[in-house]
Amino acid sequence: MSKDIARERIARRIAHELQDGMVVNLGIGLPTWVANFLPSGSEVLLQSENGFVGLGPAPLPGQEDPDVTNAGGQPVTIVPGGACFDSAMSFAIIRGGHVDVTVLGALEVDEEGNLANWMVPGKMVPGMGGAMDLTVGARRVIVAMEHTAKGKPKILKKCTLPLTARQQVDLIVTELAVIEVTPQGLVLKEIAPDTTVAEVVAQTEATLIINSIKIMEV
Amino acid sequence: MSKDIARERIARRIAHELQDGMVVNLGIGLPTWVANFLPSGSEVLLQSENGFVGLGPAPLPGQEDPDVTNAGGQPVTIVPGGACFDSAMSFAIIRGGHVDVTVLGALEVDEEGNLANWMVPGKMVPGMGGAMDLTVGARRVIVAMEHTAKGKPKILKKCTLPLTARQQVDLIVTELAVIEVTPQGLVLKEIAPDTTVAEVVAQTEATLIINSIKIMEV
Amino acid sequence: MIKKLRTPSEALAEMPSGATVMIGGFLGVGTPETLIEEMLRKDTKDLTLIGNDTGFPDRGIGRLIVAKRAKKVLASHVGTNPETGRQMHAGETEVVLVPQGTLAEQVRAGGAGLGGVLTPTGVGTIVEEGKQKITVNGREFLLEVALQADYALIKAHKADELGNLVYRRATRNFNPLMAMAAKTVVAEVEEIVPVGELDPDEIITPGLFVTYLVKRGRKDE
Amino acid sequence: MIKKLRTPSEALAEMPSGATVMIGGFLGVGTPETLIEEMLRKDTKDLTLIGNDTGFPDRGIGRLIVAKRAKKVLASHVGTNPETGRQMHAGETEVVLVPQGTLAEQVRAGGAGLGGVLTPTGVGTIVEEGKQKITVNGREFLLEVALQADYALIKAHKADELGNLVYRRATRNFNPLMAMAAKTVVAEVEEIVPVGELDPDEIITPGLFVTYLVKRGRKDE
């Protein structure tokens, strides 16, 4: 499966988790794609941690406003009813539990719902930006990531990289599976139509609890 | 001396301490009078802890705006260039050292610069309102009060009432004297033209350090 | 669009006795009087009320005190309502006096997901009793913990239909802070305008904090 | 009226080497580029810079990093400026990475006279190293202490002559917070209007925080 098809599938599946009236923060990269798969007329309210709520689609070429960018620095728009604020208010919204769902990428996730996505010691240290606050503060944390990296599992028994947050992940969506984090461990809820439970288990280092399984809508 | 003349004298003297560009918070009661004695064209900026800076004079009768009141609930005005904010910002300004001078009334002040002005146990417990934050946060704390209460000294060796703040008072102005609080104790700086050093000392329980003394401008 | 407009009785229908309720305003300026009216009409009691002050006997939070609806009150000042002092001294109502700036930060912290803040205010006074003292860079601070509530009843000037709020002049005070710190937030407003009419830069309280809108002066049929 | 308008070189004339400088902006959006230009022109060095991020090599705070003016940087993100990472790994510049919401609260606390705040962010991660952990109502928080600076260089949209500021859209970010937390606050603005033209309700940063105003794009003769 091409990377783009995998990513589109993940974003499309996560869009089903978002309902009208929810306040949602989409991380940079793959999570941003989720917005493209919301039904038209959707009333999901997107929060942009650089300082506003009511994040709208990219502007038409030539209509960019340099003062209106998303947390990745790209030109965006603000929908009618949007509101701007400073960084203290932005993170009061995030940390204070006023964001219903955050969708974040990950380098590693583990059986306890631990998440690592901000540094690889000695290699890549971009900084956590808003990710630690989002993971701790949002009511529901959905990880959007490809199931493996260069063939190696990313869903582990225990994260090896420095954590972004401890025990905060609620749901993991990959191109192969939808996995829920529960106090008992990781529960495999859905698998993609073009895979098998055995393949998902093979590509996952963590133990998966398997009861009833649905086929993922892709 | 009548109460009103005493109070006018105190207010008038304190007005000399305030310079253009200073941010000043005047407490309820006597301290409020200080504004009446600022020179015309004064650029002292008055902060009102209920939520704005640029406190102006009382409106003309019939021109009251119910949304524009001071911290005592009286109708006031906002001068051009004034700005409104919430209570967190109001006290960020106060606690954060952005108020140059606060003028507060007192029940008792003592040699260490301790102040008591918010309760008399078992009798009067109105609450501290903003007084504790103002006393701790303002760069300079001026106490405006009559020298005695029913003939009993209010400037004491040690406060007997519950404190508003510890060691925060910088200057005490009464109808009889101007007294500076220093690490060495209370220094008598000025006396009123119609009193004597002996009389001030007699009406003060605290020890006064006396070097050179000026006559208070009244 | 998810409709937020309610009548006062609809907005407060589920408020139980024993609830913790934050109420905006400063000596009644910026207090949601229509919502207080509705609370008086209902038989909700044993409330814990959090507000800057207890207003006057006939205005603001004071009306709830006079009607003996509070078992506990947190406020910075109760001097303008003698009935609060009477109930406090008679042991009928528990009154906790909190420095105004501390109360503002405690409410803000509750809304912002902070556990509390360190303030120098109250050090060396009876306010420090029972509180943890923490020294930072050689200076003593009191740890004041976050406050949250079941309800925040606030007053704004204008709302749009999404609940975005703007305030006018000195009525802002505790209202935007309380809007962040409660499970159910009911905003009483003078005027409701269509979505898009408020500029994103002028909105003080984003609509995501607001559960219901009630028009000031609105009576239930 | 006390005049606040200055040229860039007048506004920063007294900034010494070794100063702690907060700079507003988010990936260069809302960063005072004219003031950064002036810092590059001066030979100020060994600075401690505090900002959300280090921008890009040719934009925002990043230009000061490339010019090696910082001995220490506090930021939430440095990924868009590879030079920051290089200096960090080479041990040339000390880089302290701070969660964005924590940094916002630390700056705000510095401005608000608080000693610090308790945040749940970073608990159980390397961010907690060396910090005090405090339990409130059974939940663990990190004590994050207040930050203050010698200078805050901020960017606003409009100012009046008293220094009252309004911001536009996503340029607000850290600017109003930093305006509270420094001894000298220099605001770079697009436009300066007469006193009274801004409505008191629309002002975000009251002029009392602002030491000097500099017109964006203004060059010294």
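Each chain gets a letter, A, B, C and D, in the order it is written, and its residues are counted from 1.
Just so we're on the same page, a contact is a pair of C-beta atoms (placed from the backbone, for glycine too) under 8 Å apart; a residue touches a chain by one contact, two chains touch by 3 or more.
In this text the structure is predicted, and so the values were computed from the model without any measurement.
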item: Chain of greatest Cα-centre distance to subunit A; value: B
item: Between subunit A and subunit B, centroid-to-centroid distance (C-alpha), Å; value: 55
item: Distance from the mean Cα position of subunit C to that of subunit B, given in whole angstrom; value: 29
item: Centre-to-centre distance between subunit D and subunit C (centres being mean Cα positions), rounded to whole Å; value: 32
item: Contacts with two or more other chains, residues of subunit C listed in rising order; value: 105, 108, 112-114, 119-120, 167-169, 200-201
item: For subunit B, residues contacting two or more additional chains; value: 52, 78, 84-85, 88, 91, 94-95, 136-137
item: Overall pattern in which the protein chains touch one another (line/ring/star/complete/other); value: other
item: Touch relationships between chains, expressed as pairs; value: A-C, A-D, B-C, B-D, C-D
item: Residue numbers on subunit B that touch subunit D, as the complex places them; value: 20-21, 23, 43, 45, 47, 52-54, 78, 80-85, 88, 91-98, 136-137
item: Of all residues in subunit C, those that touch subunit A in their complex; value: 1-2, 108, 110-114, 160-162, 164, 180, 195-196, 198, 200-201, 203, 206-209
item: In the complex with subunit C, residue positions of subunit B that touch it; value: 48-52, 65-69, 71-73, 78, 84-88, 90-91, 94-95, 114, 122, 124-133, 136-137, 162-167
item: Residues on subunit D engaged by subunit C in the complex (per definition of touch); value: 105, 109, 112-120, 132, 134, 136-137, 139, 141, 143, 145-146, 166-169, 172, 200-202
item: Subunit D residues touching subunit A - in the complex, by the definition given at the top; value: 26-30, 52-53, 75-80, 85, 88-89, 97, 99-105, 107-108, 119-127, 157, 167-177, 204
